[in-house]
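One structure, pasted below without further comment.
Chain IDs A, B, C and D follow the sequence of writing; residue 1 opens each chain.
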Amino acid sequence: MNKSRFEAFSDGVFAIAITLLVLAFALPQPHLGTNRELATALFAMWPELIAYALSFGVIGIMWQNHHALFRLVERIDRPTIVWNLLLLAGTAFIPFATRTLGEYPAMHASAFLYGLVLTETATCYNLMLNHLIRVGAFDERVSEATLAATVRAYRVGWAVYAAATLLALVLPVASFAAYVAIAVYYLIPRGVDADI
Amino acid sequence: MNKSRFEAFSDGVFAIAITLLVLAFALPQPHLGTNRELATALFAMWPELIAYALSFGVIGIMWQNHHALFRLVERIDRPTIVWNLLLLAGTAFIPFATRTLGEYPAMHASAFLYGLVLTETATCYNLMLNHLIRVGAFDERVSEATLAATVRAYRVGWAVYAAATLLALVLPVASFAAYVAIAVYYLIPRGVDADI
Amino acid sequence: MNKSRFEAFSDGVFAIAITLLVLAFALPQPHLGTNRELATALFAMWPELIAYALSFGVIGIMWQNHHALFRLVERIDRPTIVWNLLLLAGTAFIPFATRTLGEYPAMHASAFLYGLVLTETATCYNLMLNHLIRVGAFDERVSEATLAATVRAYRVGWAVYAAATLLALVLPVASFAAYVAIAVYYLIPRGVDADI
Amino acid sequence: MNKSRFEAFSDGVFAIAITLLVLAFALPQPHLGTNRELATALFAMWPELIAYALSFGVIGIMWQNHHALFRLVERIDRPTIVWNLLLLAGTAFIPFATRTLGEYPAMHASAFLYGLVLTETATCYNLMLNHLIRVGAFDERVSEATLAATVRAYRVGWAVYAAATLLALVLPVASFAAYVAIAVYYLIPRGVDADI
């Protein structure tokens, strides 16, 4: 499998999923008659707006992770493609989870569903990384230390998402806040080392 | 026709169609009042979820086939473009067939429609392959044995999809299960030989 | 303006518009209870299916034209970008015109709207071509004869679409049939000469 | 971060957002019975059509700006990615703002929302440009004069959009007209200097 076509396909799914997030916003039906009604309806969309911004950050982070990971990879084999498809299936599901979270921001079911999707993608990232290490798919210039650090970072990410997901069963709004906090944490620029 | 622009356009359609699959999921109308109602509504979407996962696998397999085929091809002529458009028209139709199958998982009409679309794409793949062989569009390093094996594999794929489609007229749920089994079979990684 | 990024953006719009055509198909509301009802509802979508296939062909032809034209072009200036945006605005509108034509296949207004959109894109192609010739944007290896033949072909295309559009004011179904006939004519592979 | 993958992802979002604009058009429900009713319904969509054309121009201009800016940039760092995500989040929101403006062309709330989105993207462009200059991310052949001119142009663009947004609180239709005038101004081709 040609790596550039693999990356282009993945980037396409990331870009489309991130742009479909806007479908979480729907105009009220039936047609409103006054400016005050419209302003009220638009203001009432603030949970959708937070969910939109959250998912934009989440997919943006995933896209960066994907890029950072595959920059170091030399060979794409069949199992990698299957893990990647499972990862993209989770990513492409985010617009629906976002719409659900935006419309039901304080319910256990919507916050749990959202967390499940993020945990699914984190699981795929971890298992795909394990596979890539096992088959020696990385560029030989990538050091053991970099791989070990990446494995640790992915495991922490998985644990954090899983914890926030379980939190949704008890305190959905706190879980929603945790998803936002995690996304902000990962988005804040920090120094990063790279071997190549 | 420049091969890279031909592949980029096809990849675009595959990536968009696969991401549009999420439109099979719709939030219940009108707005639900309790967490229990929302949880029940989300649980009731399990046929949609299976149909979503199925079609994600199906389009993912098609994308891989497309890549594997055109990696060996050197020249893209007009008839190839037309066959490819017919193939993409079937692929782009999958989101609707998926939504129908998800909403009506146990009906003959939806399982038959889904199978028809897969059979259409398999037909296009077979006829496009025949054309490519007839006009000698393959890289000269591709052996006769590879081409013959590809033709056989494509014919088997077509026959399997056609059989599952006909099964829909008798046992729709068995047909649905057959689509899933076929997708899983093709997704499981196996050793693959390649000439180039 | 970098030509490859210009082409990639245009190809993106073509690929997305062609894949959004599937949104012309909507499942009947409310949920149907029997297989017979579902089969009847799906059969009743044959005008949508013809409109879908028509528009798939139309956008496919436009994408090929775009490729064939810009393969010969060396420089992309600002006016070319503006003409191209107007062309893409017409292309991106096709999913709505298709849905309208599919739902109202025998009405003057829908057939006229569909023709208007095609005539708009044909107009943009003609004016963009005129501009490209006037500013000498073509590769110097492109002969005068090729340019003259392209101008003629574009004018004929425009006239044919405009005539079919006017026909919609009198005989909408004949106009619909004419759109299909034109698309089939352009899709049938024929020998093509190229300078480079 | 590889610059070409960064640009491809951004171009993908621009292309998808611009093509999703067509979702502002919805067929009237329930199904209309006569050609006159359909023609009337389509004619009544002229505000949607103006909003569609406006947003097509707006996103087209943004895409060009993005290209013109990053053609001069050599290094993409993490803060640039975050600014770019915030910019794309605004861009991907435009289809919803467009639908709102098209359905409520004469209301303060919709014209203000539309302006807010444009002002948000202009703010991101300005802050991203500041960052790129501060960290010296530009190609060394780019002159100080070019950078200073770009900073000025971006500030003027921001001020004009902010002014039109505030105008929406008083005269929504005038604000709508101002958005159109600004887009037409930026789309009209003019001579442009470039260092490289």
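Please note the rule applied: a contact is a pair of C-beta atoms (placed from the backbone, for glycine too) under 8 Å apart; a residue touches a chain by one contact, two chains touch by 3 or more.
All values reported here derive from a predicted model rather than from experimental measurement.
With rounding to the nearest 5, the Cα superposition of chain B on chain C corresponds to a rotation angle of 90 degrees. Averaging C-alpha coordinates per chain and comparing to chain A, the farthest chain turns out to be C. Comparing the contact residues of chain A and chain B by number shows a mostly separate set, under half of all numbers used being common to the two copies. Centre-to-centre, using mean CA coordinates, chain A is 25 Å away from chain D. Centres computed as Cα averages put chain A at a distance of 36 Å from chain C. Chain contacts: chain B has residues 8, 12, 16, 20 touching two or more partner chains.
Chain-to-chain contact here is organised cyclically: the chains close a single ring, every chain touching exactly two others. Residues 1-2, 5, 8-9, 12-13, 16-17, 20, 77-79, 81-82, 85, 88-89, 92-93, 95-96, 99-100, 103-104, 107-110, 113 of chain C touch chain D in their complex.
If you check the complex, the residues on chain A that touch chain D are 7-8, 11-12, 14-16, 18-22, 25, 27, 31-32, 35, 38-39, 42, 52-53, 56-57, 60, 63-64, 67, 71, 187-190, 192.
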